[in-house]
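Chains here go by letter, A, B and C, matching the order in which they are written, and residues are numbered from 1 within each.
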Amino acid sequence: MRKKKRARIKIIIVAALALLLLLCAVFAGVLAPHDPSAPNAAVIRIAPCAEYPLGTDNLGRCVLSRVLYGGRTTIAATFLLVFISFAVGTLIGILCGYYGGIVDKLLMRVADVLLAFPQMVIAIAVAGILNGGMTGAMISMGVTMWVSFARLARSHTFALKNEAYIQAAVFAGKSDLYILLFHIFPNLLAPVLTQALTQIGTTMIGLSGLSFLGLGVIPPTPEWGAMIAEARAYIQIAPWTIMGPAAAVIITIILFNYLGDAVMDYREV
Amino acid sequence: MTYLLEGKNLNKTFREKAKTTIALSEVNFCLNKGEILGVVGESGSGKTTLLKAIAGMLKLDQGSLFYNGTEYTGQKPRQTGQFLQMIFQDANSSFDPRMVMEKSLIESGRREKNPERIRQLVQLVGLEEELLQRKPAALSGGQCQRMAIARAFYSDAEIFLCDEMTSALDVSTQARILELLRDLKKEGRLSAVFVSHDIALVSMLCDRIMVMKDGKCVEEGEISEVIRNPSDDYTRALLESARRQSIQEPIG
Amino acid sequence: MQDRILEIKDLQIAYDEELAVKGANLFVERGEVLCIVGESGSGKSTVIRAITGNKQIKIPGGQILFEGKDLIPLKNRERQKLLGTRIGLIQQNPAGAFNPIRKIDKQFRETLKSHRLPFLKEELDKMFTSIGLKNTTDILKSRPYEMSGGMNQRIAIAAAMLMDPELLLCDEITSALDVTTAISVTDELLRVKNEHRTTIILVTHNLGIAANIADRIAIMSKGEVIEFDKADRILHDPQKEYTKNLLRDVPKLSS
């Protein structure tokens, strides 16, 4: 019991920090001291000071403001992508696991093929074909992301459908749809949601990575990966321009990964 | 004469790659109203397969099943559930872990929901009403098994199919469940097929017994007759081990 | 003369804060079978866990004397040395003790190797025969998943007997088995006792099983040993109401 309590406290603390981060992104408009995309020739590449806490970049734009606004783009895209993959993957997984048969075999082989390549390689290829843009980047990541959800949901459904309580529901004359909605889905939601939490970090790296490669957002929209790519050119004269977005990426990813782990630990204790 | 439940010439073979297992071979059985038929055998004897076949959970290779003289061979659990209910070995897992008992029970009813009747049934099986608001994890194995009996009654099924329903329980809990079943039988509320590996248990509850081995019925008859006068060697072996495991001297 | 191979004195065992065993007193003499009988939650398996030094429990008080030496203050290393060589353990689920897809042969060799003992087929043959297992060669060639629960449980006994322990702890090893299989497993335990003079502690919820093999019986309820004596006395002249009920609840053939 004590272990469980400790795990719960850990989750609350990490979740609070994650929430704070989300609020920073949501209220970027209020918090940002300057316009994130307004160039200012008078303040090019200034080191951090009171006016510009994280310095300015090559075009004299406030790095802090851009990091805050960039968070919006990155986090919103990440959440949307994780949610869609979660929904699509879980739906496919449940149906495959429950009904089995030829469709299940086919979809699972497709999943195997997709898993055979590193996720980023496929994402780069697809994003290249789709010619960049945030939507393109999201689609290119989504192509492989649903797989992990589908597999997890499928294996849980597979185990659940042989449980005695599912049999009991069948004897009570309940329809497949009823069983899927009210018995199977609620019972596999927890593990699949945990999986979604742990996916947030990697998705964020993926999206930032694509932007870094020029396959994501189109400048001047602020986005962490794109900012790092841009600042790379003058990293020796103005290292702060890269520090801001890099720190933001690292903190966010650590935070969400840790949150996912904490929740997973909690469920195991 | 028509029986409440009857099976004629039931055959089932499982084929798995190189291995074929004959799970049921020319098995016949019948069950009268108000009667409990015991099916005894070791694991792998086909007794659980028989139960699943009766319930329509698996497809028979051959044979026919009758309920009140009407054939229902080939019906799936959604239909057979109208007149029979399965009571499983692992009582806790026969309830959705996320639902309170009351909801699970309501769900099993095929008529309009009747919370008053659920309360009566829960009392009938010797439980307190408060337990209805709990989830299965908060109930003991014995309490869950009683709930399963209440659920089977609420579903209006006429026949109970009990699959090793007490083997996961402590000896004492098992004895209490057995008492409950005997009382229900005395009141004429119970017609059941009771599958167990324990012939002693079966002898305390059932009217007739079927001994199964390797998918065949090796002996069948009135329970007292079979115990006094077993005709098959296997039945004798079962009785011998049951005698050794029970404490013979009765105590005051 | 009394030769108490294991003696438990005022043993208290706790999970987290709660006491699961509240001061148990027990002993078993060399070459005897002691059965600890109780319902689930009575603390009977917890006692076995205390002997094997399970990490999840705390022992606020009492002694576990093995040949007069207290096991509780032992360091992990010393305890490990004792377990497996002089004290054997068989659990309810034999699958937990074996790798399901590795040949029995390999698993036995590994166990012997880790105790720096040679793998001698003849010795093994002799041991297998002594506990009633035939076809040593066939058994060694097979894998646990291919065999039935009863067979696995018998092999688990054989594995525990590899080291020829003086004390064999059996935790509910018959509960998942058919009546006939359970009887054959207890028969094997009896043979182990007779041929190897091994002391056996068997934990079970079924007094019928205990009646079959026990020399001494301890009845546990709610963390306490409520009755402890020679098996004959407990079975024929139980003092406590609880014990009488347990006796009554064992299924009996009736006609």
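Definition applied: a residue touches a chain if its C-beta (ideal position, glycine included) is under 8 Å from a C-beta of that chain, and two chains touch if they have at least 3 such contacts.
These figures come from a predicted structure and were not determined experimentally.
Student: Measuring between mean CA coordinates, which chain is farthest from chain C?
Tutor: A
Student: Pick the pair with more C-beta contacts: B-C or A-B?
Tutor: Answer to which pair has more contacts is B-C.
Student: What is the distance, in whole Å, between the centres of chain A and chain B, each centre taken as the mean of its C-alpha atoms?
Tutor: 50
Student: Roughly how many whole angstrom separate the Cα centroids of chain B and chain C?
Tutor: The separation of the two C-alpha centroids amounts to 32 Å.
Student: Residues of chain B touching chain C in their complex?
Tutor: 42-44, 141, 170-175, 178, 197-201, 203-204, 223-224, 227-228, 237-239, 241-249, 251
Student: Give every residue of chain A touching chain B within the complex, in rising order.
Tutor: Chain A residues touching chain B: 163-165, 167-174, 183, 186-187.
Student: Okay, in this complex, where on chain C does chain B touch?
Tutor: 39-40, 148-149, 178-183, 205-209, 211-212, 235-236, 238, 244-255
Student: Show me the residue ranges of chain B that touch chain A in the complex, using the header's touch definition.
Tutor: 55, 57, 76-82, 84-86, 88, 90, 93-98, 104, 107-110, 151, 155, 157
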